[in-house]
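First chain A sits with chain B, and in the next complex the same chain sits with chain C.
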Partner chain A sequence: MEHFKIEDLNFSYPTAKGKLSLENVSLTISKGEYIVLCGRSGSGKTTLLRHLKTVLAPHGKRSGSITFNGVPLEQVSERDQASKIGYVMQNPDDQIVTDKVWHELAFGLESLGTDQKVMRARVAEMACYFGIQDWFHRNVADLSGGQKQLLNLASIMAMQPEVLILDEPTSQLDPIAASDFLNTVRKINIELGTTVIVTEHRLEDIFPYADRAIVMDEGRIIADDTPRNIGKLLYEQKNLMFAAMPTPVRVFYSAGGKGDCPLTVREGRTWLAETFPKAPAVTALPVSEPDEEITDPVLSLKELWFRYEKDSPDILRGVNMEVQKGSLFAIVGGNGAGKSTTLKAICGICRPYRGKIKIFGKPVEKYSTGELFKNCLSMLPQDPKSLFVKKTVREDLEEMSKDKDHVAQIARLCQVTQLLDSHPYDLSGGEQQRAALAKVLLTDPKILLLDEPTKGIDSFFKETFAGILADLKAKGLTVIMVSHDIEFCARYADTVSMFFDGQVLTTDVPRRFFGANSFYTTAANRMSRHVFANAVTADDVAELYRINTGGSN
Partner chain B sequence: MHSDAFSKCHPAVNLVFFLGAIVATVLIVHPAYVLASIAGAALYYMLLSGQKGLKRILVLLPIFVFVTAVNPLFNTYGDRVLFKVFGRPYTLEALLYGASLAGVLVAMLLWFGCYNAVLTEDKFTSLFGNLAPALSLLLVMVLRMIPNLIKKGRQISGSRMSVGKDASNGRTLTEKISGGMLVVGTLMSWALEGGVVTSDSMQARGYGTAKRTSFMIYRFTGSDGVLAAVIAALLAAIIAFCAKGAASAVFTPTLDIAPVRGTNLAGFIVFVIYMLIPSVMHIREAVQWNISRSRI
Partner chain C sequence: MGFERCHPAVNLIFFCAVVAAAVVFTQPVYVALAYVCAFIYSVKRGGKKALIFDLVLIPLIVIFAYYYSIYTHFGVTVISINFIGNRMTLESLLFGFTIGVRAAAVLMWFSCIHSVFSADKVVYLFGRVSPRLSLFLSILLRMVPRIKKEAARIDTAQKGIGRGHSQGNIFMKIRNCVRIFSMMITWTIEALATASESMRSRGSMLRGRKAFSIYRFDNRDRSFVVAMFALITVTVMAIMLKQTRALYSPRISMSPVTTLSYLFYLCYAVFCLMPFALELWTEYMFRRARKTV
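Then we have the complex of A and B:
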């Protein structure tokens, strides 16, 4: 039985001068389906999702119809829509209304005027189902991002919705919290039969389990099929969305694999094992020997020890690190391992109580703040929004440098020229990231520090971003980035360092680093490690596959 | 904080008790009553906060001495002149009156300290959830917004610092001020943007579609009822005894303090019992716990 039926939906925003944000969208969603909606930023995913709930629908010109359980959506009362259609948004923090976990859980029920007894039972149920009992009485402010988003979900589930709509729910979460969250959503779909419609950048975790994947581009639905067929279709169309597909799918098609396309790492392993029943001739790709001696360190950290308060545990416990000039140095590791604190220590925001930090051979404390952040060191913060203080991107950039040619040149480099007259808050996540990078680069840094630069960015923007970083490296800049995104690090970094328990455990080139790990490694490596020795990206696996099967190109 | 029996009661009962204790303390200046109130509050405060509590209570001692000593400087009524300061009499009556007032002040501060530890913000707002749901929700949202703004403000100034545009880095005072204003302005637009999401999230969860109810996390149980009745009865008795002058105390111009004996003694005992309620509950729970543990 159909749940939502969308027919010929057209929509344009009042400011878009007639340009359609949604064009002839027709879609039927059945009860209990799990649907993944994918597409680049700005392809109309959020606009479409918001139309599925009247109070959230954007203002503008609309034609076409949407029915919910056979009734036109605008005739379904707000109250019914509130309880039956659950909507989880991107930002975990801003969605929360109250200050206590228990109160937030009850918020929707309070709004619906549910009586005390029912409310008590529902809240208890939700707390148990989502494992919230342990933090039931806590302040919302003390929760992690993952817990906050789980709370948002639980608060909506307490109203017992029939449909759950999730708009990039994990874009602000680290990978572990993100896959926890998505597993919970899947569990809801399987155990309760709630219909799920979700948009995501990170398809690895959800794509294989979806009943249907819908691809949008420029406001139109360009594909609507099972995940397995979608991969094939996108590859044949040479669609840019192909880059967002899970690793096994990308490997399969770019290697020219035969048979059924694998969707998960497990299927990928089986596929490789069947293709190569005996060990293939070439199992490893060449690895550039790292220069044993770092000849020209721009930055060196020696035995850094740091804690926030006198009686608190040490965050940094003897960090040693040397960074070669002109390289892209990636720091990976779990939450609370001391990665971001190390960046802060380099910037002089935290002062280690023991150890030495040398920048260009000169101890950091010998620099005045003016000196340090002018032509020397610059940091792109985790939330690029915190850098914007003006009404347009142009004003923001000109705050940093009076030289208009210089601003124009950096804007070109970061590909924000066409965005200069927009308000920084109107940009998408990836655009904000690039505008913020432009702002930071206007200080003419020689060392660029990046804190989680790929958080919440889709795969196309990631490629653009990597391209910009390569340009900067070519100009002699040294880039140090802290990231959870191991796929990105494996692909683009020159050196990867693993942080654990306040120390650097290993430092190596990505191929050797991820090749040696068996859990903390990329999907491509997990999928191929029984056959190939050091393939860490989808391209690596595809290349080795082609070499060994004698495939063309 | 250790487990405390009184804190576990319904917040309404807590609130009524503290209101009663504080109002009675402020209105009665009879030295015996003041002492009883200080004793009750100090004991409970120490039970709540242990060693640290004792230190904080000792801090109140200089305040007590100061207020006591200062009162006769302004109030020169009284017969028994101890000595003269700047040609004005410094009288025993005024000194005693000062001591009593200082005692009231100390007792009040202590009761407020206990109030803060027992009636946390969320308990307070939940009390008014049913009476004024909109107001109570507003209060809750403000409580959440303040720490959020502080956190975001820090984040923005940290980001400014890492590109060398720190507000404190400005060369002139105007530069510093305009740098600071930029941070505040950014904070405001950031907060407004977040506000739009919050209001979407509220509407999406049916805010305004029905008459709001309030989730009462604290239940009013039978024992809450009994305690409330006891508190009400004791308060009524205190009022009745006070009306008959059991706690009357006049210091100036001549000392006239009601003696604590006969019926007056009964009134005093009622007052002492009232002030000891939370401490007795706390100690009783601790004792019961020890007994039941020793049986294992």
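Then we have the complex of A and C:
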């Protein structure tokens, strides 16, 4: 039976001057389906999802109809909508309302006026199902991002919704927390039969398990099919969305593979094993030998030790690092390993109690604030939003530099020229990231520090971003980047360092670095390591495939 | 393991009664009892820190009594005449002293309240009156630390480009602070808007809101309340018999102390020490239970 039925939905925002944000959207969603909605930022995914719940529907001009269980949505009472249609938003922090975990869990039931006894039973049930009982009495402020998002999910599930709508729920989480969260969502779908509609950038974790994938572009639905067919369709259409497909899909089509398209790493391995029953002739791509000695280090760290409080454990435990001028240096590693702290130490926000930091051969403490942050180094923080302090992007940029031509030039470089008059908080994640980068670049840094620059950005913005970084490198800038995003690092970094337990353990070029790892490595490498030696990106695998099958490049 | 494990309503009744009594009762025995009991219980709850706090209050009481007697001159028993010719009287000195002691007792009771009442309990108690009010309180308790955290985050981000609150010369510092502050206002408004969306999405606008409670009113609470009310009743009788008040002007006078008075004193002291006794008892029971395992 159909759950939601959307017919000819058109919508435009009042400020859009008639430009449609949703155009002729027609869609039927059956009970118990698991649907993934994909599309680049600004393609209308969020707008569409918000229309599925009256209280969240944006204001604007709208035509067409939406029915829920056969009843027009506007006639479904607020009470029914509150309990039956669950909605999880993007930022885990923003949607938690109360101060205690137990109170948040009970929030929806309190609203519905549920009887105290029933409420207790339901809350207990939820806490057990989601494994929350251990932190039931905690303050929400003490939870990690992943725990917060899980709490949001649990507090919505407590109302026993029939549909669960999730709008990029993992964009603010680290990869491990993200895949945990998505597994829980999948479990809910399988075990409880709740209909799930989810938008995601991180398709690797959900694409293979979705019943249907719906692709949106500029407010229209351009594809609506099973995930396996969607890959093919997008490849044939040469759609930009193809870049967001899971690695096995991209490898398969760009290598010109035959047979059924693999969706998961396991299927990808089987496909490669079947294609190459014997070891292929060429198994490795050339690796550039790293220079033994770093000739021209712009930055060197020697035995850094740091702790936040006198009695707290050491965060940095002897960090050694040297960065070659003009390179993109990536630091990867788990949560809390001290990666961000290292960046803070470099720009003097925290002072190590032992060890030396030298920037251009001069100790960092010898620099005055003016010297250090003008024409020398600057840092792009994890949350780009926290960099903005003015009402428009233009004002924010102009406070960094009086020279209007310079501002215009940097704005062009970061592709924010058309956003200059918007309020920074109104921009999307990727746009905020670029505007923040522009602001940081206006200090004319020679060393650019980036803290998780790809967090919450879709794959197109990532490519744009990588392009900007390449431009900067060409101008002689050195970029040091801390990231969870190993796919991005594998593709664009010159050198990758593994950070663990407050130390840098290994440093190497990506191909060798990820080629040597077997768990902490890219999906392309995991998929191909039994056949190829050092293929770390989808392009690498596709190239080796073509070389060995004699396909033309 | 102590009084904080009782139902919040029990905590509330006790502290209301005990603070009201400490404020209203002026009869010296009652004042002394309130002081001693508050002292004992606050030390029991707060340990060394509370002891230091309580001891610091003692010189303050004496200073206050002296100060009071310098500026007020009622009473008939003259101790001395100061250099501008005003009389220092025993009555005003003693009255000043009782005010100081009562204030100290109230402060000590408040230190107990602080350690017994968690924010959860306050939220719960408000929820009994109005679920909306308690929700509001809970949102406030969430927002304040969040704002602090965000301010720190913005400051760190600004430091990364050399514009933190502690960077540059004094004018730069002031300017940077103002920038961060003005952005915090925008941020707070944004955060509240999203939170309200999340609330509405979960039906916060529906009628008939109820407050969830993690507390249970058990048999121990019941017997505690019965005992409390018995003792309160006796104390109310004392009030009606004018046993709890004394006059300090023009001379000290109070109702005669009879045998019944001793019963009143006893009941008041027992009442004030009920949570203390409860805590001693549970600790004893806990130790005994552990021993017999």
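One rule holds for everything that comes next: the second predicted complex is superposed on the first by the 553 of 553 C-alpha atoms of A that agree within 3 Å, B and C clash if a C-alpha of one lies under 4 Å from a C-alpha of the other, contacts with A are read in each partner's own complex, and residues count from 1 in each chain.
Assume contacts are C-beta pairs under 8 Å (C-beta built on N, C-alpha and C of every residue); 3 or more make two chains touch, one makes a residue touch a chain.
It should be emphasised that the depicted structure is a prediction, and the values quoted were computed from it without experimental measurement.
Peer 1: Putting chain B and chain C onto chain A via the overlay, clash or fit?
Peer 2: Taken together on chain A, chain C would clash with chain B, as the superposition shows.
Peer 1: Return first, second, both or neither, reflecting whether A:M159 touches chain B, chain C, both chains, or no partner chain.
Peer 2: After superposing on A, A:M159 lies in contact with both chain B and chain C.
Peer 1: Of the two partner chains, chain B (first) and chain C (second), which one does A:Q503 touch, if any: first, second, both, or neither?
Peer 2: neither
Peer 1: Just chain B (first), just chain C (second), both, or neither: which does A:S428 touch?
Peer 2: Touch status of A:S428: no partner.
Peer 1: Who does A:R79 touch here: chain B (first), chain C (second), both, or neither?
Peer 2: Touch status of A:R79: both partners.
Peer 1: Between chain B (first) and chain C (second), which does A:S111 come into contact with in this model arrangement: first, second, both, or neither?
Peer 2: both
Peer 1: So, A:N517: does it touch chain B (first), chain C (second), both, or neither?
Peer 2: neither
Peer 1: Residue by residue on chain A, keep only those touching chain B in one complex and chain C in the other, then list them.
Peer 2: In chain A, residues 53, 55-56, 78-79, 82-83, 87, 89, 91, 93-100, 102-103, 106-116, 119-120, 123, 140-141, 155-156, 159, 347, 349, 369-370, 372-374, 378-379, 381, 383, 386-389, 400, 425, 439-440, 443, 449 are touched by chain B and also by chain C.
Peer 1: Within the complex, which stretch of chain A touches chain C?
Peer 2: Within the complex, chain A contacts chain C at residues 53, 55-56, 78-79, 82-83, 87, 89, 91, 93-100, 102-103, 106-116, 119-120, 123, 137, 139-141, 155-156, 159, 344, 347, 349, 369-370, 372-374, 378-381, 383, 386-390, 400, 425, 439-440, 443, 449.
Peer 1: Please name which positions on chain A make contact with chain B in the complex.
Peer 2: Residues of chain A touching chain B: 53, 55-56, 77-79, 82-83, 86-87, 89, 91, 93-100, 102-103, 106-116, 119-120, 123, 140-141, 152, 155-156, 159, 347, 349, 369-370, 372-374, 378-379, 381, 383, 385-389, 399-400, 425, 439-440, 443, 449.
Peer 1: Show me the residue ranges of chain B that touch chain A in the complex, using the header's touch definition.
Peer 2: Residues in contact with chain A: 121-122, 133, 137, 140-141, 143-144, 147-148, 151-152, 155-156, 158-166, 169, 182-183, 185-186, 189-190, 193-195, 197-198, 200-217.
Peer 1: Would you mind writing out the residues of chain C in touch with chain A in their complex?
Peer 2: Residues 119-120, 123, 131, 135, 138-139, 141-142, 145-146, 149-150, 153-154, 156-164, 167-168, 179-180, 182-183, 186-187, 190-191, 194-195, 197-214 of chain C touch chain A in their complex.
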